[in-house]
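Quick one: this structure, given as structure tokens, is what I'll be asking you about.
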């Protein structure tokens, strides 16, 4: 592990004052206490890993650091001076740069133009950009990072990993001294990740501080000089790498001694509903899954491990290149609409873009997937749809003025319930739920759990994708664990624990 | 660093030949076919004709490229061309100097561009509808000013300018080439150019970079209208008179030229030179069919088929290069 | 969580769509009132019917277009589709002497053009704007070629009845408009296809992931647009008593304007057919009124443009106020 | 690239087929004949006349018409393009005389013999002008109507395209005639652009505005035919309509009685005479500066010759008109 050695070349020399300090940062949102008096010291030339499960407060922390959120309490110090970070521009000026998972590159500008977007004035001569100088400057920065990309290439033609590197280069070109990376390896391959680690090693040698957010234990072990573990918005512990074992870290993230968990009522699954063997797509290889009536099957894994792709392939949204899918014992129809009619339902991860028509009302959204079934003749009855919708609103406890409220104006939890209502109305028997509780409040979460129970009791099969391990463990009868676009393990009964999942997810 | 080298990076400049758009392929084919069918097609006179005709279309297609790069559209360009010509002509007849008349047309075009821009950039109304509305306004004003009649009899200086030559090159071609050069510099060598592409590609990224994206967006429409307004001088020079409805339909032809050249309606994908290819393709098609005296009705069909074919070629190439 | 008993306290008549329609209706009534005050002749039954008949021709071209736009598409070929269909139908009637052959030909050719549009958009993945723009030229050229500079005139009386006749004192084109409007309305609001069209227009991806057969529905939308262009071709033919290859082209932009003035958004997923009827009436009443006031015809484009801008601005202000209050 | 090949073959096939379509080569001179649009049958008459006379005199015709009706920029481009092909003779009618004049002058300077026909093309040195007197046509037809009405009554005028020579001259003729009849009241005069739909809708609105209309003067057949549709639909039976041109459809209307009279503006004859005069001129004869073809008034009494399809008519020779 040459990269790790390089990164580890600075056994934290903490005699010097920290480059950046967060002191007692506190932040609440309505109903959520996202950060509880978080303090963090970030030193130059050090990789500071922040570990934590989903909802532990990592993204709120980043946004506060970047000036996208204002902290309720506490303050930030740079080199011992108290600073105000009210806007992203302030953060940039202080040398703090964040590389988000969604990139801010312009597809049809080239690498150099993207790096210097908004700062072209530095290369302007008589109002014209000295293109050669700009590319030369970009070249220098890329060379510094050990990247041999052509600076004339469009961002649109770059892969995800390359775009990420360009984002890093962009941050460095702004003389960033603190570089925050939010799950940088989530969507890139192993080899690309290695290049990223090498780059990080170079950066630390140049005395840049890296704040690295990840779940991947291997990366944490390899890169982290200092590791801070967040849980429920509070810092659990902050240690040097060698002070804590991997097992202890996992334990600290989960917050319970491993093995202890909420009791799960065992269910008695029925006949298989779906059986998939050897499914391959452009992004998946050799996926085999079985789902039976009356059970909840989890799909665990990191973001980008291929979980979403699996449900999309099962649902017929992505073309499969190999393998076969059987529904209730017979070959599954090929088109998506036919699979819906055969009883499949998908609750997509991004409900606003893929699940709902935001400008339309609850009735239109809740009935859209069941029109073929409810109105077999093709004639639509507003009154019947109205009745159905009221029924669904009552059944799911959707808080709304009425059936004609536009979905855009609903809260996240209620929007999610509308998506569920759509499939309930369609009488689906196999529910593929991709992150069903993301972005919904605690109350709605509980109701969604209750609904899943009801569905299963009614004989449906449910697949749940979740990044929240406690949720998975509590909800699911068994779970498949994914890594690098493959299924790497299957856990059931007592074997299904957070620790077991984490170990499969993070281990090589 | 022992990391594998990143290969397969298509160089931006080298894309010129590796990715000749459908219009380019069709243009070459047409040039070959027309030359074989009638060698006069490549005579100097005819090439000058093609140049003159294409240059007027280009005067609209070039600014239209910038607008389409921002994921917009300007249906009012043709109507503005007519209106601006009428304004210049009427001002000249009223005894204004050529400079003052052009300044007036410039001012009014700019104002209309600003109206389009404000509605589209700041109120985020769809460009299609906004410019459809302003198209009516402009066309109406031109008609009302002239009572529908062509306006002639103004100073011959305008026509003299249109007919003049710079060395051996006719003035309209010089102007179009100059405009191309200017817009090329603007698009590829100034900040504003990057921002134009960024508006279509990722307006949020532009905002995040601290740029007043809406202002840039507005500026694109203002600039586009200003250019179209000034090109009206060439048009009335060509006809030695100003016609209130002369530009109607030219906006669609310009849009066709831009799209033929491989500029997409999405994500700021496109290139300025595509407008040149597209305008040449359309002009060469019409000119060649005229030279071969092909029936007008078949000419109409040919334009439609050319458009669809070029799009199909682009689509197919994109599909198989992935 | 319980549902309040007063689930729908906000009466359905105050739904945003109804509000938009009501606003347009009030505007029409106001304009009509003002015109009557200037010239009492405006309010005469014959003038109102005359105006409605003119509006109905515009509406028929715009009706199928409304469906396509609601479904998230665009059809620039309606005008030249109308031209070609009218020319072919006229030839069919002239050669056979049987109007029904003409009806069959116009409906078939209109539908085929719409079908081809749909196929190009579905299979070749061309953007609707460009695919139908190409079709605009092809259909127009085919009409020129077919007619070879001639007009075909002198339709049998039985056929002309569609354009010139009266039924119960009301011109037949108005009845046809009524029928088309009701049918489109039923399609949009009383069939599953219509509901799916709205959903597709509002969010294509979500429609696909909700199990809507998006491509088939889209094809049907373009077919319907072609079909109504074919029907409009018949009414124009019957009304003009002649087919010439120049009739349809000038109708495209007014038809789009009627749809937009009627409150249908170019982004898809909203609007309705009654709006387009009102849009067509609004555009017609203004021209009619300008004539009545002896305003020169040269003002018409200006006023039309102003109406389009005012309509979208009004909708913008209303929707912003609603989203602020909601 | 492999996918583009079949598409290219399709394109090549299309282009080849278009190349081989029109204009069979003859031995004689090449005539480039311009018309304004593919919509109005009047121009079909012109083209038929040119074709017949050219065939008779062993010359070849190539037709040029803008793809969009009366489109001035396209008309300009076609002029420029034809200059390149160097025909032996050009027959030119302006879409807009002012606009096209500079180009026409340059073509004449380059040695191309040009006959101006149908509409006046301005003060360029044309070989000859062959056409009719639009002012007189307008005056005569208006007079015909006024006489029919017994010298008094309410009349509306449906003008042509504002600003076109043809339209303006005819309008001048209408107005001059109206001055001679003090008891004729012109209720309104509106442009209908020589179009059928606009003629119909304008008439519909005029019907609403005026309760008594005794006569309608239309500047062209298409507008008149549209107006007749509007009058019939409104049940206004006793309105006398007159127009100018004499396309077959309008002559049928005269036969049927729905159109009172037409001032003959005969595209076929103009085409014939222009071709003959032009060919004679380039073959060494002197050309008359101007040939004005008199326009008959077509009424129910004499309509028959104008019902013959263009292709079955016989071209008159120029002598028939020059002798006078």
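The chains carry the letters A, B, C and D, assigned in the order they are written, with residues numbered from 1 in each.
Basically, a residue touches a chain if its C-beta (ideal position, glycine included) is under 8 Å from a C-beta of that chain, and two chains touch if they have at least 3 such contacts.
Keep in mind the model is a prediction, meaning the values are calculated, not measured.
*Asks:* Hey, what chains does chain B share as contacts with chain C?
*Replies:* Chains touching both chain B and chain C: A, D.
*Asks:* Could you see whether A-C or C-D has the larger number of C-beta contact pairs?
*Replies:* A-C
*Asks:* Using C-alpha centroids, which chain lies at the maximum separation from chain A?
*Replies:* D
*Asks:* Report the inter-centroid distance (CA atoms only) between chain A and chain C in whole Å.
*Replies:* From the centre of chain A to the centre of chain C is 46 Å.
*Asks:* With chain centres taken as the means of their Cα atoms, state the distance from chain A to chain D in Å.
*Replies:* Inter-chain centre distance comes to 72 Å.
*Asks:* Where the CA atoms of chain B average out and where those of chain D average out, how many Å apart are those spots?
*Replies:* 34
*Asks:* So which bits of chain A are touching at least two other chains?
*Replies:* Not one residue of chain A touches more than one other chain, so the list is empty.
*Asks:* For chain B, which residues are shared contacts with two or more other chains?
*Replies:* 147-148, 295-300, 302-303, 305, 312, in rising order.
*Asks:* What are the residue numbers in chain C that touch two or more other chains?
*Replies:* 141, 144, 148, 297
*Asks:* Who touches whom among the chains?
*Replies:* A-B, A-C, B-C, B-D, C-D
*Asks:* Help me check something: in the complex, which residues belonging to chain B touch chain A?
*Replies:* 1, 3-6, 9-13, 185, 188-191, 194, 197-198, 200-202, 204-206, 208-211, 267-270
*Asks:* Where on chain C is chain B touching in the complex?
*Replies:* Where chain C meets chain B, its residues are 120, 124-127, 129-131, 133-145, 148, 253, 256-257, 260, 265-267, 296-306, 308-309, 312-313, 316.
*Asks:* Give every residue of chain A touching chain B within the complex, in rising order.
*Replies:* 88-89, 104-110, 113, 117-121, 124, 127-129, 131, 146-150, 152-154, 156-157, 162, 191, 194-195, 198
*Asks:* Under the touch definition given earlier, write down the residues of chain A that touch chain C in their complex.
*Replies:* Touch list, chain A to chain C: 315, 317, 335-337, 339-341, 346, 348, 353-360, 364-365, 367-369, 371-372, 375, 378-382, 390, 393-394, 397-399, 401-404, 406, 409, 422, 426, 447.
*Asks:* Provide the residue numbers of chain D that touch chain C in the complex, in ascending order.
*Replies:* Within the complex, chain D touches chain C at residues 37-41, 43-44, 47, 67-69, 190-191, 195-197, 200-201, 204-205, 207-209, 222, 225-226, 229, 232-234, 247, 249, 252.
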